[in-house]
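Note that chain A is present in both complexes that follow, paired respectively with chain B and with chain C.
Now for the complex of A and B:
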């Protein structure tokens, strides 16, 4: 038996966007075992939501859980609070929520793709992807008034209307982005050197993904069509807006890249459909009273299924709020995916997992 | 081979970056900026203070006159516009498109604002206590005056026939 070495990666490491600690046990440069520690960014947000903030203010607090999927958290909380209050929100508000969620998905997926390219050693592609990503940030700023913390959903609806000139600008910029995305798909799927680093690396079989209950693009890359947008229609009308589930079969870094790229086409189609078929209606409904009872809600964040549980006790302040982020579901499969890979490909694999630690440890 | 020619071709393209100080970056005209307060339109209901998620608005109260004063910290504010939505008086609070400015160390932002916040709450509690005390005093005075008047009346016609 060859000598085994323990190599720690993180909590602060050049290949990581957020504090995450991996302990690899390697043998002749091959990773035999990996352990993960994900609890470095704990801020006690759940406790703050149940003690310090009123239930209407909580939608702004949970938006600060994560910078990348801010709108997913805000919308998921707003929906769970609406279930507690038994509110029916207007169709226009639902459509506007879908619009911002999909714009957010574009910027989050492009960030992840650029990060994979950088960690694979393809710095120029990283620059290119980040340059192409800029349009989605500008659109989010135009629609929500802020680049990162959108604060777009509130309990009962949304905060801002979509102005006609902004809608026109969104469609125009998407038209410019489409050939750019074709170019990116071409590079990510056909580039020889990137293929050496990505194809057949970090493979997770379909059975393992199923057994370890992974979610999001991670599971879809292995061939499991698991997507909340495909499963429920009670909160947002995804199918009406033209949603289709995207899957790949191989389950390696390459497949995860392709799933993310193809989802961008779906997101663009949803955005176009939402803007072209935006119904008339109120932005937000007025309501009185306090939440009571229990409710759960699920929403497809860029990284997978986001789950919220809330319990009210007929006061201003919630009794319990539980957030289960997609990365938390993926940790077991993430650790499994390193097995039998070269240590040198670990950064690319970590990048392709797209871990969001701020969500996970809250 | 294709990527090689792409790389050569890129040498002759114009750069994707903008020359920032000369050419301005894109800023939408309804950018979420600082909150503007119009004192003459305010009805002093304090709904904005109750709605504000980070606690960037607080009202203090003068103990003598009971006049309220609006305090706003642009450094605590998250520009969410929740106060404007909660405001029942149209025009009293508005969101401008002026971006927030970076804070300076000399301004003692965090501790200064926390102190002002606590003092404002204390001033309101003090005013409420003072009002209660004054009311009690007034009530005692009126009660005393009533009792005196009754005693006077009883003195003036002492023989009340009791049936």
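Now for the complex of A and C:
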């Protein structure tokens, strides 16, 4: 038996964007075993939401759970609170939520792709991807008022309307982005050296996704069409807006790149359909009363299934709020995905996992 | 959402009878402090169908009672069990402490404070 070495990666490491710790047990250059520790940034947000803030304020608090998928948290919480309050929001508010969720998905997926490129040693592609991503940040600022942490969804609807000039700007910038995305797809699909770093690396097979209950692009890259947008229409009309699920089959870093890239086309189509078919209606419904009973809600964040559980007790303060982030669901599969890979591939694999520890630890 | 009442004695068998890994995915485990040291434990599942159906297993117990693990049936449950063990300050079978909280953190932040 070869000598085994334990190699710690993180909680602070050049390949990590967030405080996550892996302990690799390696034999020669191969990773034989991996362990993960995610508990570095627990902020007590669930407890704060059930003790310090009124239920109408909580959508603003959970928007701070994560900078990358802020709209997913605010929308998912707003939806679960609307279920507790038995509110039916306007179709316009639903469309505007979809618009911002998909703009957010574009910037989040491009951020992930850029870091996969960087962690694969392709610095120029990292910079190109980040440069192309900038338009989505500008659009989010134009639509929501902020580049990140946009307090757009509230209990009962949304906070801002879409101005005609902003709608026109969104459509124009999407037209500019389309050939840029084609170029990125070509590079990520066909670049020889990137292929060496990404193809057949960090494979999570279909059976492992089922066994480990993985979600998001992680699962779709292995061929499982798990996507909350594909599973329910009770909160947002995704299929009416043009949603189609994207899957790949090989389950490696390369497939995860392709899933994210192809999902950008779907996001663009949804955004165009939302703007061209934006219905008239109120931005938010007025309501009175306090939440009671319990409810759950799921929403497809950029990294996968986001889950909220809320329990009300007929007061302003919730009895319990539970947040389950997509990265949390993927921890078991992440650990498994390193097995039998070269240690040198670990940074690219970590990048392709797109882990978000702010969400996971909350 | 389908709510299935269970107990610690029958939990593993109930989940095993229900869970098919290619039909359901495990969402998470949750705990709600009901006061007086009683906790409601919840295990959430969702199927892969359209429209999807969510199922919640529920068991109530005193906070001092060891919670059985379902990881023999649902392998990724160890993550949620380790988290809940830290945040609710309860003992869960085979769950390691310190997964979600540092050693110098406040213990059991999600438990109601006794007045």
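In this section, the second predicted complex is superposed on the first by the 362 of 362 C-alpha atoms of A that agree within 3 Å, B and C clash if a C-alpha of one lies under 4 Å from a C-alpha of the other, contacts with A are read in each partner's own complex, and residues count from 1 in each chain.
Keep this in mind: a residue touches a chain if its C-beta (ideal position, glycine included) is under 8 Å from a C-beta of that chain, and two chains touch if they have at least 3 such contacts.
Since we're looking at a predicted model, the values are computed, not measured.
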Which superposed partner A:230 touches (first chain B, second chain C, both, neither): second
Between chain B and chain C, more extensive residue contact with chain A: C
Partner chain in contact with A:172 - chain B first, chain C second, else both or neither: neither
Which of chain B and chain C A:340 touches, first, second, both or neither: neither
Which of chain B and chain C A:332 touches, first, second, both or neither: second
Chain B versus chain C as contact partner of A:42, first or second or both or neither: second
Which of chain B and chain C A:145 touches, first, second, both or neither: first
Touch list for chain B against partner chain A, complex: 3, 16, 26-28, 30-32, 51, 53, 78-82, 85
Complex contacts: residues of chain A adjacent to chain C: 37-40, 42, 44, 46-47, 210-213, 215, 224-226, 230-234, 296, 298, 305, 307, 309, 311, 319-320, 322, 324, 328-329, 331-333, 361
Chain A partner contacts - residues on chain C that touch it in the complex: 1, 21-22, 25-28, 30, 32-33, 42, 44, 46, 48-52, 54, 56, 74-76, 78-80, 83, 86-87, 98-102, 105, 109-110
List of chain A residues in touch with chain B within their complex: 53, 56-57, 60-61, 131, 138, 141-142, 144-146, 149, 151, 154, 159, 163, 166, 187, 191
